[in-house]
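Going in written order, the chains are labelled A, B, C, D and E, and every chain counts its residues from 1.
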Amino acid sequence: MALLEVSNLGIAFGGLQAVAQLDLSIEKGHLYGLIGPNGAGKTTVFNMLTGVYKPTEGNIILDGKDITGQNPELISKSGIARTFQNIRLFNDMTVLDNVKVGLHNQIRYNMWTGILRLPAYKEKEHEMNREAMKLLKIFDLDKEADYKASQLPYGKQRKLEIARALATNPKLLLLDEPAAGMNPNETEELMHTIHSVRDQFGVAILLIEHDMNFVMGICEEITVLDYGRVIARGDGKAIRNNPKVIAAYLGGD
Amino acid sequence: MQFLSYLINGISLGSVYALIALGYTMVYGIAKMLNFAHGDVIMIGSYVVFFAFGSAGMNPVLAIVLSMVVCTVLGVTIERVAYRPLREAPSLAVLITAIGVSYLLQQVAQLAWTSNPKSFTSVVSGLKPISLFGGQLTISAETVVTIIACIVIMVVLIWFVNNTPAGHAMLAVSEDRGAAQLMGVNVNATISLTFAIGSALAAVAGALLCSSYPTLQPTTGAMPGIKAFVAAVFGGIGSIPGAFLGGILLGIIENLSKAYISTQLSDAIVFLVLVVVLIVKPTGLLGKKVNVKV
Amino acid sequence: ACGSSASTDTASSSEAASTSTAATAEAAGEGSGAYTGTPIKIGGIGPVTGGAAIYGQAVKNAEELAVKEINAANGSDVFEWKFEDDEHDAEKSVNAYNTLKDWGLQVLAGPVTTTPSIAVAAETANDNLFMMTPSASAPAVIESGDNVFQICFTDPNQGVASADYIAENKLGTKVGIIYDSSDAYSSGIYEKFKAEAAAKNLEIVTAEAFTADNKSDLSTQVAKCQQAGADLVFLPIYYQEASQILIAANKSGYAPVFFGCDGMDGILTIEGFDTSLAEGLMLLTPFAADAQDEKTQAFVSAYKEAYGDTPNQFAADAYDVVYAIYQAAVAGGINGDMDASDVCDALKAQFTSMTFDGLTGDGMTWDASGAVSKAPKAVVIKDGAYAAM
Amino acid sequence: MLKNMKKSTKSNVITLGIVVGFYVLIQILSAAGALTNSFSGQLVPICAYVIMAVSLNLTVGMLGELSLGHAGFMSVGAFSGTLVYVVMSENAPQPLALLLAFVVGGAVAGLFGVLVGIPVLRLSGDYLAIVTLAFGEIVKNVMNACYLGVDSHGLHFSLKDSASLNLEVDGKVLINGAMGITGIKKASTFTIGIVLVIITLLVILNLVNSRAGRAIKAIRDNEIAARSVGVPITKYKLMAFVTSAVFAGVAGVLYALNYSSLVAKKFDYNTSILILVFVVLGGIGNLRGSVIAAAVLTVLPELLRSMNDYRMLIYAIVLIVVMIFNQSPEMIALRKRLTARFRKEDAEGKGAKDKEKKGVA
Amino acid sequence: MGEMLSVKNINVYYGSIHAIKDVSFHVNEGEIVTLIGANGAGKTTTMHAISGLLKLQSGEIDYCGQTISKMEAHKIIRLGLAQVPEGRRVFSGLTVQQNLQMGAYTRRDGKEAIQNDFDMVFDLLPRLKERRNQPAGTLSGGEQQMLAMGRALMCKPKMLLLDEPSMGLSPLLVKEIFKIIRQVNRNGVTVLLVEQNAKMALEIANRAYVLETGTIKMEGEATELANNIEVRKAYLGCE
């Protein structure tokens, strides 16, 4: 069985069927792309996978466990982490603390340990700092650890979001337009980073992106949505040449 | 019959709350600030009417117009001096300044007019109360006028906001000031206009509040101000019909709980109902649910 | 225990003092020079800002007036006086007291309201500093210590007296009550009234409360009294709210006998109030500003001249406090050089033994608990003025 | 990163140092007899308000929720703690009674914190503010109508009047409605106050700089993101709210036991607002600021006594002016530029130090 | 062709952060000029400085022969200088239609003309027509981006400031947007464009400036820069 099994997933907002009859299956450690025109329902799929929206139909099974309709906290614990299309950082907290919040369920000690500064506090905090810095280093953010998140430029904010998501030690990482607002060089760099993250953490990655070089360069399999429905599926090459995809999404040259 | 009379008392009180709440919600809805000095602007307005109409014998309509002018100038000045410098500051900062302004107005009123209570002569004392069921039930002229004023103001406000350029500017400012500026909206002028309208409404509210409940003191505006704020939230803050509905309901709940449960605990009951309603309907009765797209 | 049990020695001196007071009051400005020592530092505390400011202002004015008169009449200064604001708040009142102590306070004429007074009384008891409140009427105020005195009636006293008066004069058979349950004074009177009414077989048909937070609309309370068929409504509340009740009752055509306590005094002075609505209103009060006696008239005109307002009973109380202290100080040989504790002991001895004639009563005496004994006057409002009953 | 650790620790040490320094200073002044009655009389209330402000800052600054009913928690704490003290001090040693009073006051307030916490989980922003305001008003109204007495048959309770308690003649009314509790033996001292301030600061500072504190701040900054990384919102919102309530309760006991009487009216909306003023003026989320603002603003009206009738007028003006001076972005930018000029090298590259990120975000 | 916009030695601060350092450049009437630069270079800051959302510390900005650097943002817009801000900034509580209406807020040329432009925008961006009554806040990211563009067009500007107008758009729409920009420009609107997609930006632009950590590092004809090795390396992702 695959890591993520989505079957017949759908949601409607009022009269609008934003996503319908979506099937998706992602293997452990896979790099998977989800693309489609604006408003196709990609972000909505992410929102259902992470419990932000409750699907009106269908099932989501992660690692053999049905997580359909669970709340985001639980889903995070089950092993799905994400970034957001509109960046959502903890703006008034430092870069380091942003990642440490991501470690919330990984390195734990209870409230009293913190308040009474029991020995475990120091130990665990050190561990957290170590882990967090390790992650920041991967994304080349270690020098900005003390900055407030809001003071980072856009591109770095995107990276910080990914670092934070990774801190939750997910089995599946969802990235919503990670390269938006980055120039080609930065995008290139990000591709490498994502590859190495996958290799290092063995995490499956599902990503949404409109930058075709990025998607084609990185994804092993791609699903294309249009008006909430799957219109194509396959590897980069197949997608690039699919006439439906060209018509709805890529546009002919 | 008795029930009806309590109900009418409630509506009467509620219509006053509603009138005040309209001013609150207007300012809140556009400027996104809780203007805790609103009640005190009402108090100042009432004093103006008291002296112009009660003491100097001016025509009541003229007295109210005068009071509206005074309150508008006052409201716009307060906004200019005390709130505008904090436009970009956290909203709590403005809240605290508003509280400072509230203290200030009360102190000024006390120094100017002493703390001795004044008994307000109803501005509609010329009108006859409505008598129903052969006199078993009377609805005072104040109540009738207040309700009519409320409805008229509500309708005009809704029309204004939705159908005039200035109204559109208000909507835009309430959503995103920076973006509104980029549309060519003069944010400061729009907020000033909002305060002008809110304060003019405060003058009307003051005259009618004191006509129904005639004791006038420097603290007169404080409690009705808070209650009206509660009413505005109850109805869904920022929503004009919500303010009306919230005000009326608050008045009714307050009076019915006095009538049938306990006069001693009626405040607690009113607030309890409010809490329960908000738990069930977290954005108030007519409040928009804010859709955060993730 | 009242004045009668005091030793003859002090009793005679108090007599002497009381005549001298009367003399000063009458012949103000002549410079009788009864007091020759260092001025005594007397302080007042009360709310001069905030919701209860009317009471504090009245007390402040009257104290100032009394001190000025006494100093002028004496030729040399008897009192040095200072007044501090407490915003009707216990914490602020204690702060005010401490500020006065820093100034050198020897005698306290205050605070004005009950809640602050209880807090301050405990402090004065600790310091053994003489305190006399003009208007804080709860019994708990004087329970704090034997150094604390009241010049006003206590609340229970008024509640009982009102019930007795109503019963004896058969003013009504079905009694409704409207009181302020968030106010110590009002609920204090209400409770005792209720108990006494039961003893006197008065039927209480309904007791309705309001609070400081919902007092702008009292129409429902009035309607409930009307509904219950009350032919007399007892109003142990202050005059602002009472005026609202009268207006509301008038609107709904309800005309029972209204009966109030000392807090009702002032209703005729509300600017803009249609005094015809108060016609027939009865109240027990120790003071009426339009009483015809010379003392009251002199006081009222002096007050009006100085402050532009008609004084209410709290002003009269405060005026009496200063004069009573003056009388006691002269009789007890008190001097501003003494320390506050000695002053206190001397004043205690005087007050528990002397008799004082003031604006708010003749022949006032105090027992060791600090409570005053004086006769309440019942008045009725007739033709827009108080008339004795 | 180490620097970061140090920075927060250093800041905490400074904050506590200020408190201890203040205590020592007062002791010295007092020994030298240089302390006025007026000032020494305010020491305990100052401590109580400091605790209130610091605890409210946990809700407002850290959790990011507006509370207009903090005095309500103070009230329930004050009444329950005082009741315990009044009853216990008759038959238990003084320190034990006192300790118990604080524990019970804090616990009862905490319990109410849980109760109010439930709507907190569903509401936000001004709707929550209204619920907390409502809570404060409900407490005030109910306590004003609350009569509690004790006689040989045990406790009697009524929401009507003391006569309805039906006490025996030997009975004693403990809480007498609007009159509240009277005849309290004054038990609070400045030393107790300072100890409580320090405990409060330690607990809240430690909490804020721990895993739980980060979770709370994360919820404040972005609830959706916090959820997405698995922070249980319910738990941490409640934790912040209840902790804040507990300390308000303790402050209530400290405050109440400083006076001979206790009335519900004291803990009204105005008091809640006053505490909020301390928090905002001291800086939202800045605990040291809360300490200083609470102390200064408590003393200020007393310092203005010489202004007589204009006292509160001036207080109001000071409040407005300070607020504008402190919070207006122009003023902040101006101040920053001035300080930057003085510490040029220091300012370099330390963007992280700048608190304001407002601009045109 | 005269200078329509000239920016002279401007300095902008965020608190004590010096974000824009002595930047000067100009845009001639009828041109498309693009600003390229890495993340955090100060492109958005420059845009905000021009439109009046941020205050200058020093320097001057002239537009159509008029100094606008001391002018308030809303007055600048009235001079025909519209901006599509970074991050879209749509009025999320208002519907698509109302958002577009706000775009035409300053226009006084009659209902009909405005109605025409409505049709024009709906024509260019048909998705907006589909969603005309949906609250803008619930639109997808790309839809919001279209709305921001449409809203600026409704203002009938003389000059458009575009801050990453293609961000979050599908490849098809990116092409579409660039087409629209070109078309608008042909209709007489001067454009100042900030883009991460430097390649396409340089394709349609006449001239370009390269911004690096708050200072202009290079300037020149667009085609020239597009062939510059450094630029190609740094911004176009070509070795």
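Everything that follows uses one rule, which is that a contact is a pair of C-beta atoms (placed from the backbone, for glycine too) under 8 Å apart; a residue touches a chain by one contact, two chains touch by 3 or more.
If you want to know which protein each chain is, UniProt gives these names: A, E = Branched-chain amino acid transport system ATP-binding protein; B, D = Branched-chain amino acid transport system permease protein.
Everything numeric here is computed off the predicted structure, so don't read it as measured data.
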* To do: Could you name all chains that are in contact with subunit C and with subunit D at the same time?
  => B
* Asked: Which contact partners do subunit A and subunit B have in common?
  -> D, E
* Centroid-based (C-alpha) most distant chain relative to subunit B -> A
* Asked: Counting C-beta pairs in contact, which comes out ahead: B-D or B-E?
  -> B-D
* Structure fact -> Per mean C-alpha coordinates, the chain lying farthest from subunit E is C
* Asked: Using mean CA coordinates as chain centres, what's the subunit B-subunit C distance in Å?
  -> 38
* From the C-alpha centre of subunit A to that of subunit C, how far is it in Å? -> 75
* Taking each chain's centre as its mean C-alpha position, how far apart are subunit D and subunit E in Å? -> 49
* Asked: What positions in subunit A touch 2 or more of the other chains?
  -> 43, 52, 84, 86, 151
* To do: Check each residue of subunit C and list the ones that touch at least two other chains.
  => 49-50, 181, 209, 211-213
* Structure fact -> Contacts with two or more other chains occur in subunit B at residues 107, 178, 262, 264, 267, 292-294
* Contact set on subunit A toward subunit E in their complex -> 13, 35-40, 42-43, 85-86, 151-156, 177, 180-188, 210, 212, 248-251
* subunit C-facing residues of subunit D, complex -> 36-42, 45, 137, 141, 144-145, 161-163, 177-180, 182-183, 186, 255, 259-261, 263, 265-266, 301-302, 305, 308-309, 311-312
* Residue numbers on subunit C that touch subunit D, as the complex places them -> 48-50, 84-85, 87, 89-92, 94-99, 101-102, 114-115, 118-119, 121-123, 138, 140, 143-144, 180-184, 186-188, 190-191, 194-195, 209, 211-213
* Asked: Of all residues in subunit A, which touch subunit D in the complex?
  -> 50-52, 71-73, 76-77, 81-82, 84, 88-94, 96-97, 100-102, 104-105, 107-109, 111, 113-117, 121, 124-125, 128-129, 133, 144-148, 150-151, 164-165, 167-168
* State the interface residues of subunit E toward subunit D in the complex, per the touch definition above. => 13-17, 48, 53-54
